[in-house]
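In the two complexes that follow, subunit A is the common piece, with subunit B as its partner first and subunit C second.
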Partner chain A sequence: MARQNWVLIAVIVLVGLIPASGSRFYVFLATDILIFGLFAVSLNLLLGYTGLVSFGQAAFFGIGAYTCALLKKKAGITFALAFPAAGLLGAAAALIIGMFCVRLTKIYFAMLTLAFSQIIWAIAFKWNSLTGGDNGIIGINFPQYLDSKTRYFYFTLTIVTLSLFILRKIVNSPFGRILTTIRENPERTEFIGINVKLYQLLAFIIAGFFSAVAGAIFGVFNHSVFPDILFWSASAEVLIMTLLGGMYSFFGPVVGAAVLLYLRMQVASYTEYWPLILGTMLALLLFFFPGGIVGFIQARTPKTANSK
Partner chain B sequence: MILQVENVQKSFDGFIAVKDVSFSVAKGELCSIIGPNGAGKTTIFNLITGHLPLDKGRVIFNGIDITRRPAHKICRLGLGRSFQRINIFPKLTVFENVQAAVLTHRGQSLNFFTSVQSLFRRETEELLAMVGLQDQRQAVSGSLSYGFQKQLELGIALACEPAMLLLDEPTAGMSARETNATIELIASIARDRDLTLLFTEHDMAVVFSIAERILVLHQGQLIAGGSPDEVRANPVVQDIYFGKARCS
Partner chain C sequence: MFATGTSPCASRKGATAREGFVLMSLPDPSFLIIQALNGLTNAMFLFLIASGLSIIFGVLGVLNFAHGSLYMLGAYLTHQCVSFFVDVPGYFWWAVILASLAVALLGGVIERLFLRRLYHREELYQLLFTYALVLILSDLAKLIWGTDQFSVSRPAILKGAVEIFGQYFPKYNVVIIFLGPCIAFLFWFIMLRTRWGRMIRAAALDRETLGALGVNVNLLFTVVFVSGSWLAGLGGALVSPVSAIVPGMDVEIIINAFIVVVIGGLGSFWGTFLGALIVGQVYSLGILVLPRLSMVFIYVLMVLVLIIRPWGLLGRSLQR
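Then we have the complex of A and B:
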């Protein structure tokens, strides 16, 4: 445990040194990876830990992005308030949507999350007077105190580190252990005295909160929000990141986000057939590395006493 | 009476699986339900523990009407159960399986920020020792032998410190030797902890050796009940359960 914490601190310091390279490209890419890393880890609280396949997680990412952008632009509320409000609204939306979804299991749960996310997408797409419809919301400025790509990168690094710290605490807590027993066997979990639906709902709310936080950072980072971030393909992409990195490891989804975003950026400069390459990657992954990248590496390294 | 089952009825698509069944179990009693396959034994367990909603009747546990309570609340009232099929958390270790039940019983399942790793280690290891799994505690439970998994099943049920335990075929699929060892284990735990037991069992030798009272279920109805000697001597039971041949 202690050794793993030192490794993490070293990684955070190294990531923090990226702006020192002077490369705007890497600062941009690193911010993107941090945002999607947090998004993917929040999804994985459901997928890898609780055994719930959310196929509509982009709804909460999008709600976070839209809330923060609209509060800033339309209501003139400062970023310092709009940002936490985005997380809270994401959690509130997850509470309402989750109450319906946890009543169902397996594929029906997944389909219902998809249905709700498409409803949210349709609202954002059609409600022109509020969301700007297809034209989105543009001209969302950085707050003054974060007014450079580098400063915003450090802000992102701080929030993502803090969020991952909290999420890691949660998955290693008694509550987190109960989530894994629900993943393994919801029926038996009920018979040790757990209200399974309530715990699934709590996990859904926590995931919704952190997805919305990631979305809020993302909208301001891009200075704009468009309805595509709510579309089902965005939910699929974060699912792929999670599977690619490894759903049975806490940091796997971050690795998946890094690999996918880096590859996409590289591939885009050579060919327009990114979806073809992504599809091939996914097929190979599912057949040969079902544990994802991190699962693959873990299976080939000797186990340390407390590896988790 | 710790458990009172009153006029309980359940049908599936018109087929009456349990028909107007009433019985009660006294505190500290070792009681067994026997009956041919399909007699409705597991259904009765599922009705008592809130796993299935019942059509008619009432179930009273420790003076509390638990008829329509959800399974997790019934468990918290002190009515535990084990399952006929293996029902554990296969990817977790043996220790983690039992620990999850212990921490739930101790009211820690909504604790978000304490490290779970060594929480209730002593309590969990005591339970593992009690069911004979102390040497397997770091093993992934899904990879254990069938007998060990049955023992683990018992350990999870005991971790909730039930006042009464419903065991559905605790020795199903075991060899004769494993069966005897398991039954001895269960009986000794029940005595030590002053546990009330209601169990179903296919092995008649086992039932007649440890049960203090036997209930006989046939086609969803209770047809007899009493001490092992009374049940053995009952001509109706001999006829439909043991076949025409007299049982010695």
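Then we have the complex of A and C:
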């Protein structure tokens, strides 16, 4: 465990050195990866740890992005307040939506999360006076003290590191262990006197909070928010990231986000047929590497294979 | 709300100025009828597509995201066949038959070669595989047909319109409104009265036992997937004269088809029919009442059904 922590610190330091390369491209890409890495890990708290297939996680990402953007632009509230408010509103929305969703199981849970996220998408799409509809909200500036791509990158790195640290504490806590137990067998977990629905709801709220935090960072990072980020295909994409990296490992989704976003950047300069490549990649992954990248590596490394 | 205005012209005259203003904002009843008929036409298209989705879910337990892509391919292939056979008499119908059969064949290939290998895995893998198909098929369609918008002209005998209460309604839509229930009855008959229908219903309940009784469940699954795909292809082929054939029509239809099967009940046949009618009317009439909110309303309806009756309006209440 201690060795893993040293590796993590080394990775964070290395990521922190990216701006020193002087490449604006890599700073941009690294910020993007950090944001979606956090988003994917928060989804994986539901998917990999609790066994809940949320097909509407983009709703909370979008709520975070819109809340932060609207509070900053329309209400003139400073970023320092708008940013945590975005996370809290995401958690509140997850509380309300989650109360209904956790009553259902499996495919019905997935469909209900999808339906809720589509409601939020439709509202953002149609409520022109508030959200700008299809034109979105543009011209969201960096706060003054973060007024450069590099500074914003360090801000993102700090928040994401902190969030991942908290999430890792959560999944390794007794609470997290119970979530894993629920994933393995909800009925038996119920039998040992655990309120399964309550734990699922708490996981849903935590996931909603961190998805919204990721969304809030994303909106300001792009200086704009569009309803696309709420659409169901956005939820599908983050599911793919999670699965690509490996849903049975904590940092798997971050790896998935990194690989997917890097590939998309690279592919975009050669061809417009990125969905074709993503689709093929996803199909290959599902058939041949169901454990994702991290799962594949772990299965090939004898030492960690035993400890799983 | 609209039922009160049976003779709005008469009441409009006697009404005070303020009431008159309210009544004026109500559309003409004959227009409402046409709008309802348009909703009915859309409902029939939705039914064709959603019934395929529903039967595949009911038997195979797979929620097929790629169903909308099969529908899109049906439309594109019809366009292709129409431009190919334009000199043959009755070319439109030949194109519909050929295109829907080609889509059915593709469905068979997908099930046999790929989907079959994922049945023993978690639902998430099946779900994401069909999503991978959505991505692949949408880009393949773009590669083959480009991003231009196509349209297919209506067959010659159905070109005009019929007059209903002084409004014109296309003949083609009338045919679709009659064709929808015909296909529904055909499927209902097959499911209820034939040997294959009985086996399909049995497979939906307990596939292991059915296999133990000596039924070739693998073949049955392929047959179900092929017929579901055929319905999607047929929907796409028949919609081609009334709707633009564009990239993105796959994603647009699949969500509506999901809403239909969820409202009606996943795997329930008549539920799908009812769901299609409801969704069709909400879209066509809802747009008159609250144009902004009709889309929100349809999702709210889906959420309400899932919360109150997760198995849908006419579905069986069973723990899956």
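One rule holds in what follows: the second predicted complex is superposed on the first by the 303 of 308 C-alpha atoms of A that agree within 3 Å, B and C clash if a C-alpha of one lies under 4 Å from a C-alpha of the other, contacts with A are read in each partner's own complex, and residues count from 1 in each chain.
The rule we apply is simple: contacts are C-beta pairs under 8 Å (C-beta built on N, C-alpha and C of every residue); 3 or more make two chains touch, one makes a residue touch a chain.
Please read all numbers here as calculations on a predicted model, not as lab measurements.
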- Query: First (subunit B), second (subunit C), both or neither: which does A:Y273 touch?
  - Reply: second
- With the two complexes superposed on chain A, say which partner A:V196 touches: subunit B (first), subunit C (second), both, or neither. first
- Query: Which of the two partners, first being subunit B and second being subunit C, lies in contact with A:R188: first, second, both, or neither?
  - Reply: first
- Dominant toucher of subunit A (residue count), subunit B or subunit C: C
- Partner chain in contact with A:G76 - subunit B first, subunit C second, else both or neither: neither
- Query: Where does A:F175 make contact in the superposed view: on subunit B (first), on subunit C (second), on both, or on neither?
  - Reply: first
- Item | Shared contact residues on subunit A - subunit B and subunit C | none
- Per the touch rule above, subunit A residues touching subunit C in the complex are 47, 53, 55, 100, 103-108, 110-112, 114-116, 118-119, 122-123, 125-127, 232-233, 236, 239-240, 243, 273, 275-276, 278-280, 282-283, 286-287, 290
- Message: Under the stated contact criterion, what part of subunit B meets subunit A in this complex?
- Response: 49, 51, 70-73, 75-76, 80-81, 83, 87-92, 96, 99-101, 103-105, 108-117, 119, 156, 159-160
- Give every residue of subunit C touching subunit A within the complex, in rising order. 63, 114, 117-118, 121, 123-125, 127-129, 131-136, 138-140, 142-143, 251, 255, 258-259, 262, 266, 292-293, 295-296, 299-300, 302-303, 306-307, 310, 320
- Query: What residues on subunit A touch subunit B, complex-wise?
  - Reply: 169-170, 172-178, 180-181, 184-185, 187-196, 199
